[in-house]
Amino acid sequence: MTEYTADEMMTVAAARQLRDGTACFVGIGLPSTAANLARATHAPGLVLIYESGCLGAKPDRLPLSIGDGVLADTADAVVSVPEVFNYWLQPGRIDVGFLGAAQLDRYGNINTTVVGGDYTDPKVRLPGAGGAPEIAASCGEVVVVVRQSLRTFTERVDFVTSVGYGSGPGDRARLGLRGGGPRTVITDLGVLEADPATCELTLTRLHPGVTVDQARAATGWPLAVADELATGEPPTADELAVLRALEATKRTAR
Amino acid sequence: MTEYTADEMMTVAAARQLRDGTACFVGIGLPSTAANLARATHAPGLVLIYESGCLGAKPDRLPLSIGDGVLADTADAVVSVPEVFNYWLQPGRIDVGFLGAAQLDRYGNINTTVVGGDYTDPKVRLPGAGGAPEIAASCGEVVVVVRQSLRTFTERVDFVTSVGYGSGPGDRARLGLRGGGPRTVITDLGVLEADPATCELTLTRLHPGVTVDQARAATGWPLAVADELATGEPPTADELAVLRALEATKRTAR
Amino acid sequence: MAKLVSLADGVAELVRDGDTVALEGFTHLIPFAAGHEIIRQRRRDLTLVRMTPDVIYDQLIGAGCARRLVFSWGGNPGVGSLHRFRDAVQNSWPVPLELEEHSHAGMANRYVAGASGLPFAVLRGYTGTDLPRHTTNIRPIECPFTGETLTAVPALRPDVTVVHAQRADRAGNVQMWGITGVQKEAVLAAQRSLITVEEIVDELEPVPGQVVLPGWAVTAVARVPGGSHPSYTQGYSVRDNEFYRAWDAISRDRDTFTDWIARHVHEAEVPA
Amino acid sequence: MAKLVSLADGVAELVRDGDTVALEGFTHLIPFAAGHEIIRQRRRDLTLVRMTPDVIYDQLIGAGCARRLVFSWGGNPGVGSLHRFRDAVQNSWPVPLELEEHSHAGMANRYVAGASGLPFAVLRGYTGTDLPRHTTNIRPIECPFTGETLTAVPALRPDVTVVHAQRADRAGNVQMWGITGVQKEAVLAAQRSLITVEEIVDELEPVPGQVVLPGWAVTAVARVPGGSHPSYTQGYSVRDNEFYRAWDAISRDRDTFTDWIARHVHEAEVPA
């Protein structure tokens, strides 16, 4: 079997999460790689939506930014930034939103704003919200892709940039958030899914070769583990070949 | 001197009202004819804006509707209908709005909705508001073009479709209307201007050959007349020639 | 992805008795053929929504399809009044017609709110006019920052919006250009949409000024060449101004009108 | 009509100390050359507004032009953090930087409100996040029809907006295409606008996907070929990805940064 890295496993697992024919709001970096991998393998009809206004982009290489010209050139339609948020994201037309996180708690609340100290004098100033709060609010469901570590998987996020399930069941409805929230978190160790009853992120699948103890050790709260813990399939040779070909386009890109 | 009709005089007087380099919100019919006459004579830089979304249209013939293809073909930009109202009219970017009226009162309030009876059971059902209420509210100033008669120039309008000066001085400010209101009314008999102090439409100019008594007899309220009542210039040969050539394009239009 | 359907099937499936139906198109691209199909299928009790109810709505109203009209300007552009509209309002013929009346700016913003998934829109509009007296759908709203009073109107959310466009591809991606009015908003505001097009092509060649509606945001597309006649489709047809003028006489009299509808709509040859 | 000016004159006349200044461009068409001219002219105490403050704002902030930043995402896209931005926020170097932070949806709607002459915009946004705790510019608003609570944000009205576009004609009509982001709204929301373009042409040939800003809605146009470098201008240049990567090292250290600004901005050859 081909060797692969933990990041490759994470990307492949994220790609597998995307069903053909759905519309996916894609950020740059790993989400974009995973979405393009899905489109090049099992989901040729996946509709990629970038917040730069590109609807239905079909890039033949990995875009280097959410405003890469290849997205506009291959899109079904290029609309303004206000339009992509108001007419496409906000009404719930987009099935899946892909988000990253600097910190994440057990209810899938996400911080990408500040870590440590306080807001006006933080230890680390991060990029901020971008499109994430409304992606988290309005997409049919959210998939978070993030490396699992004690620094990232924290008991409490220092700042709620994007709401997951708030403090638990019923909070999304109370807040009037109409999307389904972070149903799935894909990490370099495995897959967590929000428990339908408790809304708590629950480890449901480990990547091949990863143990529950490793996952627990990388989680800053007592990690819930599914009774029937599955082990995911390793990347297929095809998935790896396509992924690596995609990654190679980044290096050769203009 | 060339013969001309009262309607031709009215159209020429309306065209003269438009200064070169200004932006004018144009309805179909007489306003469009007058605006195109102005553009073809003294105001080549007049910017014509049609509510169909055509900004800076430069038709070489008279459009037959506000959505005539010649407007889109010759416009600097064609935008959506929401955009023309929200980004262009509402913020006060348009200097002059041209309106017609089925009824008009001394404060330039306009009715184009219903005449007689009551709203749910009117004697005559008219087309309604269209873009007029917001044109009347937001343009730098409004020019009304309307034939003068007792039926039209009424003591009270049966329905306020578009606000002029309301019930007099201060009303526009109280209502928060930011445009200057109906400064000028051009009729087939002459020109009325809103008195700066009283806001009342005041006859300031008669077309050649028209008497004050004729104007009074065609006005359903005691008509204010300026101390220095001017007589307008008849259409020049050039104005008439251009106007008639424009009118001829309507008959030959596809 | 949008389904490719025949006009008859599209209307049968998507337009139901009692629905709120918007047919949009601002002078250009008016979906006349679809309107005629609605008349042929004898839909009833519709709430018809349209910024500029003109000849097509005069026909639908005169044919008895409508119970209620939500609009901002009703006339035969460049010609005069709509006689069927007036007869319905003034004499309840053939059935009473309830009116909800707005300004263009208000209607446009109501579609924008619908397309945006918001319950209402805010504008500077209607202030001081008599329009707010006759509907509860125009209300004041205060700016939470400046305290200024503006006007709110509720979102329009038609059950179905019908528009005409130049063309679509086989995945149902729709392309229109020229004056595109409020069609994008009207389609996105609706639960369902039916789009008639001049032609269905393999590839949508980009065109300046185009609006593209992705197939996954559209319910159904029907190929109806000439589907905007007597309105026009830029690049495909010109406006039949004679018909608009002729409509004045046809529509002035109930019998002439009824006869015209019988011959030109009910008994018309309809290509499949 | 827009005036045709040199970049130096345009910035001198339109960008003033203490102004609220928006430089927009969403990855594409970022007005770098204009940003450098603002640094060269040593503007101070600016409130910088931008959805995605990236390298150009890192430069303006590091050069000490800004007092305050209104934004929704600050990073070096595809590379990592903005070191000058972080140094200003965390260590007040070279001057303290006040932040007002929003989401993209909020910022986009704030520009829309500004362009629309409205004091505020309504959206479904921010709810449940910590963002509203840190500014008074995010407030609840109730729908007057449904009673539902939504979010209001105040209009953005920059003193001046600066954008880059492909081309303009001699009357100052500006044409841009490709990803056009929020530029139309940012220009229309502003009191004044300065648009740098790749070229000035006799006639603007229509292009699919174009946005045209009429010259009478623009204050000044300056011809600045390559004015978006290291960002790109579709049809004219490609993104200089190497520069974005190199910026990480240049900007990490105050001295390296200062030296870079001295050599590449203050002492740069500027064509008239």
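Going by the order they are written in, the chains are A, B, C and D; count residues from 1 in each one.
Convention: contacts are C-beta pairs under 8 Å (C-beta built on N, C-alpha and C of every residue); 3 or more make two chains touch, one makes a residue touch a chain.
Since the model is a prediction, treat every value here as computed from it, not as a measurement.
Listed by label, the chains touching subunit A and subunit C alike are D. Between subunit B and subunit C, the centres computed from C-alpha atoms are 28 Å apart. Once the centre of each chain is set as its mean CA position, subunit B and subunit D turn out to be 40 Å apart. In this assembly, the C-alpha centroid of subunit A lies 57 Å from the C-alpha centroid of subunit B. Multi-chain contact residues of subunit A (touching two or more other chains): 86, 90, 138. Multi-chain contact residues, meaning those touching two or more other chains, occur in subunit C at positions 117-118, 123-124, 148, 184-185, 209, 211. Pairwise, the chains that touch each other are A-C, A-D, B-C, B-D, C-D. Against subunit D, the residues of subunit B that register as touching in their complex are 21, 23, 45, 47, 55-56, 76-77, 86-87, 90-93, 138.
Contact residues on subunit A toward subunit D in their complex (touch as defined above): 28-29, 51-54, 64-69, 71-72, 78, 80-82, 85-86, 89-90, 113, 119, 121-134, 137-138, 159-163, 166, 171, 175-178, 253-254. Those residues of subunit D that touch subunit A in the shared complex are 26-28, 51-52, 71-75, 77-78, 81-82, 85-86, 89-90, 101-105, 108-109, 111-112, 123-131, 133-134, 148-149, 178-182, 184-185, 209, 211, 232, 234, 238-239, 241.
Those residues of subunit C lying in contact with subunit A across their complex are 1, 115-118, 173, 184-185, 188, 211-217. Per the touch definition, subunit D reaches subunit C in the complex via residues 117-124, 137, 139-141, 143-146, 148, 150, 152, 154, 206-210.
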